[in-house]
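Presented sequentially are two complexes of chain A, the first with chain B as partner and the second with chain C.
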Partner chain A sequence: MQTVTREQLINKAVALLADGTVKCVLGWKKGEFDYDVTPAVFETEEEIRADFVWNDFCGANFSKYLVAKTRQFDGKILVFLKPCDTYSFNQLLTEHRFDRDKVYAVGIPCAGMADISKIKEICGDGISSIEADGDYLSVTTIYDDQPIKVEIKEVLAERCLNCKSKKHVAYDELLGEEGDVIDSNRFDEVAQLEAMTPDERFAFWQKELSRCIRCNACRDVCPACTCEKCVFDNPNSGVENKSPANSFEEKMFHIIRAFHVAGRCTDCGECSRVCPQHIPLHLLNRKFIKDINEFYGEYQAGAQEGSRAPVVDYTTEDLEPGEVFDRRDTNA
Partner chain B sequence: MRKCSLDSLNAIFTRINQFAKLYLPVNGNDGKAAYTEWQEGLEWSNALNTTKSPKDFFFPQTEDLMAFRTSGKNIEIIDTRKESEDFVVFGVRACDVKSFEVLDNVFLKEPYDSYYANRREHGIIISVACTRPADTCFCKTFGIDPAKPQGDISVWKTANELYWQSNTDRGAALLDKIADLTEECGTEAVEEQQQQINKIMAKLPLANLTTDGWGAGKTQELFDHPKWAELSEACLGCGTCTFVCPTCQCYDIKDFNSGKGVIRFRCWDSCMYSDFTKMSAGQPRLTQKERFRQRFMHKLVYYPENNNGMFSCVGCGRCLAKCPISMNIAKVMKTIGGKDND
Partner chain C sequence: MQVNGYKPLIVAFCCNWCSYAGADLAGNNRLNYPADVKIIRVPCSCRVNPMFVLRAFQRGADGVIICGCHPGDCHYTSGNYYTRRRMALLFSMLDYLGIERERTRVEWVSAAEGAKFAATMNEFTETVAALGENKRLEDLRCKQ
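Then we have the complex of A and B:
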């Protein structure tokens, strides 16, 4: 159950609009169903009272929207940030992607977000309403006479099950209780992949990535992917492709993207959330995070504004290429 | 009408597979259904529909058009087309069957697309009625009846049986080939299921969505509608909606340098992309608002204008389920459309 209420958020937004602190509010907007929430900019109290929502389906991370929206609006934007969102927020600031002075950030605690596809696996299609009820969701469908009770922890998104931090690392103001960095199990699955033989691992990724339809949702939602023009969209880059011509190009997109966000990926999990083909993209990025931790010492992108990622920061203590090469035998 | 028990389905698939490749929705390693080539041991998925639509069978995501090989001053042009063989697509939903008609109107008119036509001629469609439509379904809005799916053969699945009815000569010929595995039967069970489906359709959350306010002749009125800005403000321009959509039909033609020559192929493109139609004067739609508007104006205004009022959305609900920001055609139709949608 979320510990701050929709009313608290609305009151905060309305107050900051009224006293002129902010010009507009970046928030979650009510959808057609109870689960299809859309990111939106609210400019008036009426809009906020009518359509602003805060529930177990507010997974969208607003940090990246600040890049475009701070350019579009004069004056400050109020943005609500969950703990994981604040890591992306910091990382974007580190990369000078938006003007901090144009943002008023309110940190809000998050109890984890539900994954609608997990709910549909339990309740089937035909959901007509979903209501929060303590630690449960009460799901009404057109096929069942009684609402189905689903425990929220059964349907949490993967990234929330492996949440790395309930602590906000950036904000102007905090609503509700602050949490802690969590000792999560997020690298367990990576370790399983590492334990495979190279052939098994290749087969694993081949199978996963062959489902990719190159819709680019993973890239377009990613707060680490903020290039003005992605090489894959640039006809002059030589590697532009709208859909992969073959299985080599299929993998190339993902490998290049994983390398490009290495040391910058905050493990926000947006890529895996939006993938229409349920490809576990977070495993690629977490492999890099795990390697960086092991090679260069613990490093979490976004934990601190202005930090330099080990991969772009030379020190004399750095690992020699030979050491990585040796590691190949035990951990190919 | 003919019927068979569900237990004999495997024998029927084996039989069909003897004279044509057979594709059907099968659950993949992610637990979601995708059209898969049938082989012994594969099971027909219970899922309502596949993430990727069956348009791939006729208009694949990438397709070689021709190849060039050079040696010295000579350039050899190679026709990469292969003579198609008949294939059968089983388990297609009513909305997706209708989507083929939408595509036909584009690819089979002048300039006639022989690549598409070749596949269409060889593809036999076996559709299936929907007994459990989803909250995201709104095919009825476009006059599609999920209780009476079209295609060469229509199929209805009940608890223990499968009912078959052919709608075309090709369909009848196929049913003949499995005649010994099916038996003649009455239509009562199917009629009962159809009534059931109609009742469910009336209960769907989008049951009352109408095309009110949309259609041919609405360009002037809707093009500068003030709501486009708000509707498109969070759009990522990812193109997921266009790639999962059974009726989106834009493509790009590209050259792939293989080192030994050039392969000219076409691939899906998306009006949501900033590099759409770059090959001519440049992308005419400068911001995401214009790109976003194009997708919906095309489906709900321009296409009907060129096709006697037929809309080019079939209400399959894929874009509702898959858009990362949950913006979609139903929200657009309600926001900009007529008062009946309020």
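Then we have the complex of A and C:
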């Protein structure tokens, strides 16, 4: 259950709009169903009271929206940030992607967000409504009047199960209680893959990546991917869309996508959340994060504004590319 | 270099200021290295973007080697230090995807090391020949 309420957020937003601190509000809005909450810009109190939502499906990280919205609006934008969102916020500031003076950031605690596909695994399709009820969700389907009770703990998103921090690293104001950085087990799955044979790994990734439909949602949502011209939009690249011929384009896309955010990816988990094919993109990003930690020392992108990403840094004593494997083999 | 009649295609990205001159020296000294090593001259080893490596595989390379000045000797002071980090991460990722780690390599070869250049290419070609054709990063659209 979320510890701050919708009313608290609405009151905060309305007050800041009323006293002129902010011009508009970036918040979550109900979609067609209770679970497909979408990001929206609110400009009036009426809109906020009518459509603003805060529930267990408010996964969207607003940091990236600030890049476009701060250019579009004069005056400040109010943005609500969950702890993991604040890392992306800092990372974008580090890269000078938006004007900090045009943003009023309110940090809000997060108890973890639910993953609708996990709920559908339990309740099936045809969900007509979902209501929060303490630590449970009350899920009603069109096939049954009796709601099904699902414990939120059981349907948390992968990234929330492996949450790295409940602590906000950037904000102007905080609502509710501040949390701590968490010792998560987020690299366990990467380590399991590393322990497999190359053939097993190849088969694993072939199975995962071949499902990719190249909708580019993972790139579009990523707060680290803010280039205005992307290599994957180049029609001469040979990887600008799904190639039915073979798997090269998939591997190319995924390796390069992950490489382009290496050292800047905050592990916010948005890419895996939006993938319609449920490809575990976090396993690629975390591989780079894990390697960076092991080769060049612990580094958390976004933890500190202005920190230098390890891929654009070096020391004269760095590991040789060939030693990467010697090291792993002796450790294994 | 052949293994069971199979000759691998090797793409070698060579830094203009050192390894490319090293290759010249190997030639001048009449040191042999396989003709299937295709050298692509780059202004500095750090010019090699990860995409180049993947592209080389896409277009039919069986192995890709990047040669640059020894650490500390880069013509642009620090280019090869960036190469070192990037390629360490990229190669580790390729291995993570199950692509044979022996197909990629970084070697530091100076302009005076003609013999090292030839020896490196011979040894690398042999390693790749033993692996056989690159299947895991091939693009059928690019095959004749």
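Note that in this section the second predicted complex is superposed on the first by the 309 of 332 C-alpha atoms of A that agree within 3 Å, B and C clash if a C-alpha of one lies under 4 Å from a C-alpha of the other, contacts with A are read in each partner's own complex, and residues count from 1 in each chain.
Simple rule for what comes next: a contact is a pair of C-beta atoms (placed from the backbone, for glycine too) under 8 Å apart; a residue touches a chain by one contact, two chains touch by 3 or more.
Quick caveat, the model's predicted, so the values are computed rather than measured.
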A:Pro310 in the overlay: touching chain B, chain C, both, or neither? Say first, second, both or neither. second
Touched partner set for A:Glu200, first chain B, second chain C, both or neither: second
Mind working out whether A:Phe73 is in touch with chain B, chain C, both or neither, as first, second, both or neither? neither
Chain C-contacting residues of chain A that also contact chain B: 243, 245
Name, in rising order, each residue of chain C that touches chain A in their complex. 50-51, 54, 58, 71-72, 78, 81-82, 84-101, 104-106, 136-141
Sort out for me which residues of chain A touch chain B in the complex. 31-33, 36-41, 60, 65, 121, 124-128, 142-143, 207-208, 211, 213-217, 219-221, 229, 233-235, 240-245, 273-274, 276-279
Which chain B residues qualify as touching chain A in the complex? 28-32, 34, 48, 51-52, 61-62, 132-136, 200, 203-206, 230, 233-234, 236-240, 243-244, 252, 254, 256, 263, 265, 267-270, 273-275, 278, 320, 322, 324-328, 330-331, 334
List of chain A residues in touch with chain C within their complex: 193-194, 198-206, 231, 238, 243, 245-246, 248-249, 251-252, 255-256, 258-259, 262, 284, 287-288, 291-292, 295-296, 310-316, 318-325
